[in-house]
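As written, the chain order gives the labels A, B, C, D and E, with residue 1 at the start of each chain.
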Amino acid sequence: MDLLWLVPTLPLLGFLALFVAGLFVSEARPLKWFSGIVGAGSVGLAALVALVVGMDFYAQGAEPQWYLLWTWMDVDGFTPSIRLYLDGLSLVMMGVITGVGFLIHLYATGYMWGEGGYSRFFAYMNLFVFAMLMLVLGDNLLVLFLGWEGVGLCSYLLIGFFHAQPENGYAARKAFVVTRVGDTAMLLGLFLLFREVGSIEVQASMAGARELWPEGSTMATLIALLLLGGAVGKSAQLPLQTWLPDAMAGPTPVSALIHAATMVTAGVYLIARTHELFLLSPTAQLAVASVGLATLLIASFTALTQRDIKRVLAYSTMSQIGYMFLALGVGAWSAAIFHLMTHAFFKALLFLASGSVILALHHEQDMFKMGGLWRKLPIPFASMLIGSIALAALPFTSGFYSKDAIVLASFDFAPAGWLFWGGAAFAAFLTALYTTRMMVITFFGKTGIEPHDHSRINMWGTLAVLCLLAIGGGWFGLAPVAAVLPDGGLGEADHTSAVALATMAAPFLGIALGWLLFHNRRINVDGLAASRFGDATRRFWFSGWGFDWVYDRVFVKPFIAVAHLNKADAVDFAYRIIAAVTRGLHYVIALTQSGRLRWYAANMAIGLLVAFLIVLDAL
Amino acid sequence: MTGADLQALAPHLVLIGGTLALLLAISFVRSHVLALAVTLATLVATLFALPASNAAGARVIDGLLAIDAYANFFNALFVMAAIASALLGYRYLERRITLAHREEFYVLLLTATLGAMAMASATHFAAFVLGLEVLSISLYAMIAYPEEGQAPLEAALKYLVLSGVASTTQLFGMALAYAATGSMAFEAAFSAGSLLAVAGQAMILAGVAFKLSLVPFHMWTPDVYQGAPAPVTGFVATVSKGAVVALLLRYVVETGALGAAPLVLGVVIIAVVSMVVGNLLALLQDNLKRILAYSSIAHIGYLLIAVVLAASISGAPMALETGMVYLAGYFLMTLAAFGVMTVLSSEAGGEDAERLEAYEGLFWQRPLLAATLSAAALSLAGIPLTIGFIAKFYLFAAGAEGELWTLVWALVIGSAIGVYYYLRIIFTMTKTPAAEDVGEAREAAPAATERAGAWEAAAVVVALGAGIVVFGIYPTPIIDIARAAAQAFGG
Amino acid sequence: MELTLFYIAAAVAIAAAALVVTRLNAAHALVWLVVALLAIAVIFFLLGAPFAAALEIVIYAGAIVVLFLFVVMMLNLGRRSITRERLWLEPGMWIGPAILTAILFGEMIFLIASSDTGDAGSPVGPKAVGEALFGQYLLAVELAAMLLLAALVGAYHLGRRYLRDRREEAS
Amino acid sequence: MTSLAVPMEHVLLIAAVLFLIGFAGVLVRRNVIFLLMSLEIMMNACGLAFVAAGAKWGQPDGQIMFMLILAIAAAEVAVALGLVLQLERRFDTLDVDAASELNG
Amino acid sequence: MNILGLILFLLIAGGVAWAAERINPNAPRWVGLIAFIAAGAYVANAWAGGYAYANQYIEWIPRFGIHVILSMDGLSLMLTALTLFLGAVAVVSSWTETKRRTGFFQFNVLWVMAGVVGVFTALDLFLFFFFWEVMLIPMYFLIAIWGHENKAFAAMKFFLFTQISGLLMLFAILALVYFNYANTGSITFNYNDLLGAELAPDVAFYLMLGFFVAFVVKLPGVPFHTWLPDAHTQAPTAGSVILAGILLKTGAYGLIRFVIPLFPDASAQFANWAMFLGALSILYGGYMAYSQSDFKRLVAYSSVAHMGFVLLGAFAFLDAGDGAAGMNPLGMQGAVVTMIAHGFSTAALFMMAGALQERLHTREMSDMGGLWMRAPRMGVMTMFFVVASVGMPGLGNFIGEFLVLLGAFQANVPLTVAAALGVVVAAVYGLVLLQRAFQGEPNPDVPAMRDFGLREMTVMTLMMAALIWIGVYPQPLLDLSAPVIETLWITP
């Protein structure tokens, strides 16, 4: 009994049902109950099937399984097949996607109740889940790419869900286009892989690569770097990270599902999936680690200065994915996936909880207009709090296990372990700092806008489940993925050494400093920020380190300017000149047709004269 | 002169007899219908005499006229064009010429046809000159035929004087050639070694270039086309051009005059310039007659590809074939275009329907006429489905056979420019006239005039249009005849 | 002797022709035209073509020029037309055509002189001409007949209308 | 048959001069009558050239061509003078430049 | 399968449609629709019933060895099927738009399609050229009579470009036949006879160029593309659908069917330039599409970009060793699939543009905005086809573009990289289109508009289904074209 195919099919069916229904039902008379049940139900069922599949998987000895659906095409030796592949890695991913996905769908049935386009929303969401499942289940890089582009599309559609506001459209477009730059690199990577190895089936090509290239080979590095390009785009890492904060324009459940729990971690999945290629290339691994660390630090600083609660979380997501990249780069493969999973739990929780706050405040997202909410919104507050301590990686929360593993593993990283460890630990400190800032400003202090709690059972129930996962998710451990991914003695690091202690202490330092800065106000942070240097730094951090500014000047503005200049098509100009010259010749020659008989005769004489000249010339 | 010679000359004799009969008929009874009937009878009889003439076998009579399948192919074209012109002209004369002045037109038409037929057969300077003059003299009078208006007179005068200059130039050239070679028969009238002969040939070719309206001897063309009454313009554009082409090809093949390098160079230059200038002149013209005049300049320029090819011995059959097929197509499309113009001119008073505006909305009021004019325009542009394409295809083929790539390039460029103004004609016809937007009621009005229109002329026009399309799709009959004639040429 | 006569006749012909194209009075020009034709007839005679010389005088000078004269008289070109001619014929007008024809003449000299054989040939009597005309050239004569017929009909049509219009004006 | 004293080339040159004088006349004169007279001069030049060439070869053909030219000239003059009459009538002038309405 | 019969059927149906106008102004539409459906059913039946290679051979002009050779192999079959389907689409899309002279309108639509079927099946060069030109005239009429404000200019430009390039091709055809005649002593226009023509390399190169330019103008590739935006903007909806869906494919077809097989070595020699033009078309077309504010112009330029992929894929010759060039089935198949998929996606977008113009009397996207609110079905459909043309995996265009890029990558890496960037540009212009027209605040000046009804939705759904089918399971198409592609590369 093989039900794997059902897992992606169910959300697809859900999408189709909602899509067809949407065509025939106007938005004025929405089928809310139908949409909600189909939308959340299909994902729920998929989660259930995934559970069954997972149990079956372990019952059968956890051996990788293939499930061939059909051969996509067959062109001259290029035979990508639509084939699903199940191993520990894809199982974990599948679980996260369906499980967390279901919870978020459930939450969304409540959250979106008051919005227009209800069925459209769930159609997109279901399509997203389908695409994401194809991404992680496909055994072929082309199928993976199908999912990859599919999630990008859904991300685009959902960011721009409230499409009446043009800003949302711009944000959506930005997300799509920026990730497409990465996708193009990935596409080229596929081409190169196919040219060199002759296959883009994941398992087959990895085996081929292992046989073909020695460690450190240039070709492997090139392909790995191209794939990294794709991963960087999708996972909002440097230098393609700029789209993610703007993507917060989408409804909050979308942010939770796509821009925190699942899609943005696709890059991590991709690198983990093709780890054998990366193992062949230390250069590529160093690149992955460096990208991760840089993103981690930059995003953390940026998060420190944001006013919008969702943007704080967005930058936090970026930085946490930075951790995952760091883990991948330093060889802590399982830890990366582990962090991916725990991050999915607590970041989804944080987003959904903040969503409840935002909903209660009539879509106000500026933290500085909130304040003193902890009494008035106890459930969101509690959820936020649990999410935050997991994010800050306080011991015994899920975040602790995964993050600790990464930070410690980076110390063992061959080129410059202490540097990477130092960065990672410092970032853990920063994480705690901005998390504290967020919590303090949002829930403590003076009361801002008066909240109206619209939470329903489906919303706070979801939060409760996610709270459990955020706290206890760590107990899932590394086991499922450890069988798939090579781990260089990770997890057995010495937790009592000074390094381990420092790693553990970093978040506490952050929390303490945060409390002092933002709650007790023992240190005059406002004064610091008001100084010239402080203000410049703050604004620099606030803008996300100026990436948007630079890209705008270097790419966007010239692109648009030239487009405006060349709207009439310079190439056409050449043809217009030809036409004008022809016309001009007509007018000039037409002048000779003066109608005067003697002028005509004179021309005949000239013709005769020239004829004689030609004859004489022959002498 | 033997009996077989007489048999070979049968078409000419019939035509002369018919002309005299017509003259007699006119002097007894002045009846327009009768004149038309006699004319048509004569022409049809001439047409039927052509096979008999062919049956007598190819021969040269008295060293003056060569009666062969080649000549008879053109004779058939001339006679059919004359029939068409007579039918087209009938209603036109009826409406525009005073009662007592209509019948002479047909005499002139017949003599002009005779002149053209003589040219197609000419193998001697004397026949050349006489044929040309019989044709020209008749045409002067036909162009100036209308009783009112300055334009016809101006056209006739220009034609006469300039043609006189060209004729004398040509005669002088013949005299020089004769002085150099001692012969006036084509086959011996040229020797490449004598500069005097070459100069004489240059003058003869200049005269021919005038009649063919090639640059720079082309300037009379638009004025004469415009000034002449529409049915006569059609006749001038076809028969007078066709006769000279027929003569020129025979002349070039028999004299080998283009064996002289400077002459070939001159012809190539004239051809290229004519193709380009003709098309450029037509580009933004608003007068349909002038458009067709300028386009004829370009078309004859194209045809010079065949003339150049004719200079080479191996290329001669192909060149003659090309000339025949091309002219057959050219006759059909040109007559169709002027036919449509004649039909419309016969219905309206005032000047001929020559301004392009007169054709606005024709597609919706007179679909058949418009379709015919479209077919003619597309054919002139050389678009497939029409005989014009076959004709142009032949030129390409001739160019390829002679490897005359320069000329073929010029043909491409010229045709490219040409497409523009031919399409403009069609586009004008598809325009919705301003009147139609006012109300549907007015759309019905022109249909009424159609019923009262020149039905016999319209029938001719539609037949010509059908010919353009039918032979455009299935040209084999024409090709076969032309090929046989070309193969038989010169024994 | 013959050669001298020829040059004199040629000079007369050229001078007379030049006068024809420069006169203001049409009637005077016609007289000069007759002179030119007579001079050419003399040359014909010298070339051993007395028949041609006779035809030149009889038909050309006798018939065609007279036709011209009729028309000139009919149109009544008087003094007014002479002043108009003077107006039309400014000296500047000559420059372009003079250059053109001069170049053409230069070219012609070159072309004709280049084939100088010095051979003058022999006279051809009227009998030979007559035999050829009604022998080999019979068809040409027939065609010439048709030519004249066409001219007759054409001139008739054009002239008749003119006369009719004049009559209508008179009445 | 005695040979002639006048060399053909000289006659041809005279003919060429006459031809060009006629041509110049066509280019210069505005009065149609003069145009036609110029044409006649050109015709004569042609005839002269033919007769000379015929004499050179001792053939009658040159003279026959002259006769044909004669016929042509007569025919042309007949029609042309008809046109001149009409011109005077419809344009009220004999100026050829007046007859330049057709252009472009 | 009687191909000549099929063509004649369409021609006669055109005549019937014209005549039917006298009975009832609505009748011609039905005639057109029924004719296309019947012809389509005939072809589909042949396809479904174990399709076999069809061939017809009739003597035509023996003087030049010209025959009516019509044959239908896999490539021709799929393109013919596309033609007939889009013919029906064109009729439906102009159902309410064309109010005047409906008879002549349908006549032209049917005649264009007849010409196109001829182009896709003719295997005699003369006959091919014949059809090539014949299809232009009705197209010219469609634009010139039923076009929009600047129709005269656009129709003329369209005709001049294609006609002039056609003359070049005629030149090349004649020269090819002549040189073959000089070698073999027999005049023939038969494609199969000319395949092995031995030509001097430089001669072959110039002849190839003649064909190439003619087809690239029609394709259209940069820098010969500028007729397309004008023609599209001014054409009536049916005209745009036909133009983009079918007529451009004739250029692509010509490249694949004639240029490469007739001049394999010259093509290989020219391949890098051709690929360069392809990549340039992709980038420049995409960029120009972004620059436009006119809905139709945008889609028109996007066609330039898409057809650039065809150029890129068709000329992606492989290195077969020893300096010889080998055929690249990946690129070629990609080109074929792109042709078909682009036919659907762009036809649908033009139909959308036409529907919007009919309702709003404007094509300016700045005059639109927020249309999703007013016409959600149109919004959804636009979104789908935009997404398809952006190259979303799972939809037809992606398969084509992916195969093209994959194939091209084996031949020329830098150009492929450049072309792949076109995918990003595609995202930019595609989403801009969607956003400007359908998203944002509803424009208060826009009157209430009718959403798509059953008629439009049926057609749109069919095209959607086709794109999904190609995107998910393109194998039937690939199987049809694979044997054809194998035969294209004949080494003498």
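The criterion applied here is as follows: a contact is a pair of C-beta atoms (placed from the backbone, for glycine too) under 8 Å apart; a residue touches a chain by one contact, two chains touch by 3 or more.
For clarity, every value in this text was computed on a predicted model and none was experimentally measured.
Enquirer: Looking at the contacts, which chains touch chain B and chain E alike?
Expert: In this structure, the chains that contact chain E and also chain B are A.
Enquirer: Give me the set of chains touching chain B intersected with the set touching chain D.
Expert: Both chain B and chain D are touched by A, C, going by the contact rule given at the top.
Enquirer: Comparing chain centres built from Cα atoms against the global Cα centre, which chain wins on proximity?
Expert: E
Enquirer: Name the chain whose C-alpha centroid is most distant from the C-alpha centroid of chain D.
Expert: The chain lying farthest from chain D is A.
Enquirer: Which chain lies the greatest distance away from chain C when centres are computed from Cα atoms alone?
Expert: So the farthest one, by centre of C-alpha atoms, is A.
Enquirer: In terms of C-beta pairs in contact, which two chains are most connected?
Expert: Looking at every pair of chains, the most contacts join C-D.
Enquirer: Would you kindly tell me how far, in whole Å, the mean C-alpha position of chain E lies from that of chain D?
Expert: Centres of chain D and chain E (C-alpha means) sit 65 Å apart.
Enquirer: With chain centres defined as C-alpha means, what is the inter-centre distance between chain C and chain D in Å?
Expert: Those two chain centres are 5 Å apart.
Enquirer: Quick check: how many Å separate the C-alpha centres of chain A and chain B?
Expert: Comparing mean C-alpha positions, chain B is 77 Å from chain A.
Enquirer: On a C-alpha centroid basis, what's the spacing between chain A and chain D, in Å?
Expert: 96
Enquirer: For chain E, jot down the residues that touch at least 2 other chains.
Expert: In chain E, nothing touches at least two other chains.
Enquirer: Name the residues of chain B that each touch 2 or more other chains.
Expert: 126, 130, 133, 137, 140-141, 144, 157-158, 161, 165, 176, 179, 195, 199, 222-223, in rising order.
Enquirer: Which residue numbers or ranges of chain C touch two or more of the other chains?
Expert: 96-97, 100-101, 104, 108, 111-112, 114-115, 137, 140, 144, 147, 150-151, 154-155, 157-158, 161
Enquirer: Counting only chain pairs that touch, give me the topology of the graph as line, ring, star, complete or other.
Expert: Shape = other; not a path, cycle, star or full graph.
Enquirer: Name the touching chain pairs, please: which are they?
Expert: Listed in label order, the chain pairs in contact are A-B, A-C, A-D, A-E, B-C, B-D, B-E, C-D.
Enquirer: Can you name the residues of chain A that touch chain B in the complex?
Expert: 582-583, 585-587, 589-590, 592-593, 595, 597, 599-601, 603-604, 606-608, 610-612, 614-615, 617-619
Enquirer: Under the touch definition given earlier, write down the residues of chain B that touch chain E in their complex.
Expert: 364, 378, 381, 383-385, 389, 393, 396-397, 399-401, 408-409, 412, 415-416, 419-420, 423-424, 426-427, 430, 432, 474-476, 479-480, 483
Enquirer: Touching chain E in the complex: which residues of chain A?
Expert: Touch list, chain A to chain E: 19, 22-23, 26-27, 70-76, 78, 142, 145-146, 148-150, 153, 156-157, 160, 163-166, 169, 172-173, 176-177, 180-181, 183-184, 187-188, 190-192, 194-195, 559, 562-564, 566-567, 569, 571-572, 574-575.
Enquirer: Which bits of chain C are touching chain B when the two form their complex?
Expert: 108, 111-112, 114-115, 136-140, 142-144, 146-147, 149-151, 153-158, 160-161
Enquirer: Where on chain A does chain C make contact in their complex?
Expert: Contacts found on chain A: 602, 605-606, 608-609, 612-613, 615-616, 619.
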